């Protein structure tokens, strides 16, 4: 009767809209738990009553899959996000590429990112900077936040002049502006895989899972700044 | 209910109240017992018990949450037998949120109560013993009434902590609206996406109002008790 | 039911080594501040586990360090009036008084009438619904006394229970404490006041710096010229007699082994039965000596006797012990009645007193102030 | 420096309304348990803010509810010996004694010799390095006494400071307290013990249920037959005289307005100067009356006088007030010397006493137990 | 140092110790003052102050972290003037981590100390006043020594909390290895990636050992103090 979705917290705005739209159309009820992908994955492995899992990265989805909790062939890459460089000061302009004068733009300030070893946005950001040959310059100045949203807040409050966040986040924060997108090839695709879990028992679960890849959902995701896979 | 919170958020407020109240009420007897043991008994393992009680304070809440998941999750070493034999399930239920809140509030409660037990003049307990009161009776009739202010203080600080508890809860029982989504996890959800400052402010205001009400009530109670003890 | 106690305890600067026993009736612990009185009482109560102790009540072992037996305080059934009152601050005066009741065996719980009696005797009826926090010093002490008495104890320990009270209140309470002796329990009574001890004690244990300096029946220890140093101005003798009845104008007649004595009627309990045993304390400084029977003086009591012994005190005063000619009264202790008289060396010389000389002792009736009327268990055996 | 106090306070079940003043010297607050003594002392100390109070020390206002002025306790410079000792548990005995010192103005701080003197007088030298927690009741009280005295106060408040002490210790401390009078401060002294008050008090305020029942110079209040009801057996008279010197064999001679009196030498302070003023208390029950001068008795003191007044007490005993024939001594108060004698109604009848009749009072020298030798500020004005 | 922790992790351990110790030491005087004011003074705003003190307990730590950022960040209402006038900067410094730890530990410290102040017999303070001690002197010479066990207990519970504090710290000063990376942040980082259980266990073990040592030391001190007060 109810669809239980465990979803990465950063998807909240988009996924809430998708779910509201779906519920209005189908009459089914969708209940979404937002938390860090890592916490959700561990909970699912421990037997959480989730029907659908949407992770912000591949590795935690891999863990869940390894635990044998994904229904056959029902894992798919749902969305991709774009990594952008943001600044609080509107005069900061750039192309975001290997020629960028990162040190000059920082001017002794910090570069806000999500945790570079553990949170996907941070990992992608680090990969991108490495690819552009800027990591050496950036590393001493990186301030790693708990999550993308916190990194964004550091820029929004003027604490850090620059930050690396997802395009989806930058879009919703009026106090920052996008300096530029990182080149697509500079980091691995920031993919959000979704999976129908073995826990799911009825058609409703499956219907919502399919709806996530549907057109209506795709429109909403795109509007929020995501790139829809397929 | 005013519509400046969504129904789901109101639900989280009510659940938080329920979870915190149940967590404190249910753990209070054990808290008093533990405080008494730590304050007045000498036994091997005293330091160990003391350490164990403080553990949730020392560890990052998320770690406590994971340990709870390992211990009291559906497949946990205590969780599985509890479910099988008594049908008690914590995993992903509000009871689990209460367990997490209780565990996190426990060290605060015990510390506070213990301090007030240590402040009880042992000569009064001796007087009670000479009048025929057994250890248990002394505790019930003398120690317990005298530490009432400490118990109230401990419960309130525990309640406040339970109302604010987030890391262990979301890690242990996740953030399921209507079932395990408490006020702090609701705030967390808002915090994850930009542009939700107003919502967050409202939720925080509700938190603060509830906690202030509890604090004022406890101050009032405490002052009444103090006046009674002074005899005037 | 006899209490026996051997207690040894060493603290830095204080060593205790005492041994005594207390039969039913009042055993007074008497001694200077810091002599160890409270320590003894605490050991008996089980609040202190001394280095060495063997304490028994009848055949019940209370503490025995040799066999590691130690009866916890709450199973000793003691009523302990603490030197500091130790009232329960969270309970009303009434609940404090009632506290011990609920733990007493049902059959032994004092009836409600007893409660009312104790409350009115102690003058605390108006305080019953108050909490102890703001009581006066004496009020606290009275409530503590009532609390111990009402707990139906098998053993009463009283550590200076009357020290904070005025004379009038003491005078009202003392007869009541006397009556407690009828319960047949051993009572350990700590006091600095010789008047109280004379009044109440059957047996006296004098403590000095943690040791027993003198011990024995009150009449002997307190009348002993050897105790004079410890008692100072309070030295005196105990006489025992029987109440013979009221003569007119507020005078009562007592038959003692030394002859008839007149005392003020109001010094005796109002409901004293004729023939009741009575004891009285006569201070050495209240006894004058005369060679002939004096005439026309206001003192009614002149007793004949002879000088037994003359001691000169270090301070130069003289303590004369008289053995009295036996009158028609009987002393249950069957010892010759004696009196002490403290006189000056000049009087001694002027009168030319020497042992064996016949002499008259002059007592003002009203100077016999400490009179105890009561059953006499301690002396009977 | 005079303390004046008007205090009104209402509590449920207790109403206080007193007004008195205390000049330099000792003012005794005397009254039954619960009479309000501690309440008065607390109000003077500033620990209680009564409903109404006007309390001044010389021209310094301590409390005045009318003008809302209230000097905080720490600026009152009082030395308060509490009924409960209230020692600081975290400080050693030495640090407790020293506590007030550091807050006293530098010039008034007692010198080190004073510290040693107080410590040895109180017998607490062995306790200096201990903490108060495990002291005996009397030890605590002695430390509290020392702490107050050593704080260089301008006003001393003592709430039953000697209640927990044995007679010997009291006897040692009393002369010292007497000497404190030489400091010229007002001392408020609460006590139940008439002996202490006789010894120390210049002025007596008798409290009864929150009111002043009698107030005045100690000699008058304590010798007043009207106080007999309150004093009971302790009724007596005060005589004032001069120390005339030592006669042989341990006797001293005092010149009083009523004639020469012999007292035991050891009852007087050892270093008493010849001519020093001395006062002594003679209990009514210690005075015998004789129509003729008796012969061959051990009492050395026989004073001539006549019956002034005869009161029959409610208990049937008779209180006779004598006016003594003036001897060669002088009484600084210039009132005719009086004695009280308590006799029985039978003696009264047998002797046929009536006012105006000549009579002899017989006092055993050694029964004059309360002797105070000291400067006499309270009586001088 | 054993190599079962990386050098960076050892650095986090040391930084955690430093941050917690400084946080407690620096906030203790204010904590004692606040506890005293709450316990013994009556003033308008009493309830408000009490509520304010408890706020970090009630709010999810992340929210506290955001509020700190708003208040004490480089552009914060307090942060900007502090920087400008005194050159005191919290942002992205270990001092900021200490501030966050202090704020989070504050309610626990104050509650504990306040309770022990309330247990001090006011009659002893009165006695000190009659001996000439002013309010301040009474506090210094009587109240303070008597509440030492409470201060120790409060400091230890605060220290334990500071050692475990994570949410407010990472939000306020983020996670800069060697500057603001504390032990809990290090643990949190490990928690984010799969397969790091062994590392996490080691870090947790270090946490627990440090906290246990602190607890045992405080128990020992507390017992010594109690014995001194008993006078035996």
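We just call them A, B, C, D and E in the order they show up, numbering each chain from 1.
We adopt the following convention: a contact is a pair of C-beta atoms (placed from the backbone, for glycine too) under 8 Å apart; a residue touches a chain by one contact, two chains touch by 3 or more.
To keep track of the chains, here are their UniProt names: B, E = Molybdenum transport system permease; C, D = Molybdenum ABC transporter ATP-binding protein.
Keep in mind it's a predicted model, so treat the numbers as computed, not measured.
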Intersection of the contact lists for chain C and chain E: B, D
Chain A and chain E: spacing of chain centres that average the CA atoms, whole Å: 35
Distance between chain centroids, defined by C-alpha means - chain B, chain E (Å): 20
Interchain centroid distance [CA atoms averaged], chain C/chain D, Å: 27
CA centroid of chain A to CA centroid of chain D, Å: 91
Per-residue overlap in chain E, given as positions that touch at least 2 other chains: 62, 66, 167, 188, 191
Touching two or more other chains - residue numbers and ranges from chain C: 84, 130, 134
Per-residue multi-chain contacts in chain A, two or more chains: none
Overall pattern in which the protein chains touch one another (line/ring/star/complete/other): other
Interchain pairs in contact, sorted by label: A-B, A-E, B-C, B-E, C-D, D-E
Partner chain C, residues of chain D touching it in the complex: 11, 13, 31-34, 37-38, 83-84, 126-127, 130, 134, 136-139, 141-142, 159-160, 163-169, 171, 192, 194, 232-234, 247-251, 262, 264-266, 285-286, 288-292, 294-300, 315-317, 341-347, 349, 351, 362, 364-367, 369
In the complex with chain E, residue positions of chain A that touch it: 36, 38, 41, 59-60, 62-63, 110, 112, 115, 117-119, 142-146, 150-151, 153-154, 157-159
Of all residues in chain E, those that touch chain D in their complex: 123-124, 126-135, 137-138, 141-142, 145-146, 148, 228-232
Chain B partner contacts - residues on chain A that touch it in the complex: 4, 6, 9-10, 12-13, 31-35, 39-40, 42-43, 46-49, 147, 149, 152, 156, 169, 172-174
Complex contacts: residues of chain D adjacent to chain E: 45-47, 72-74, 76-80, 82, 84, 86, 88-91, 99-100, 103-104, 130-135, 147-148, 151, 157
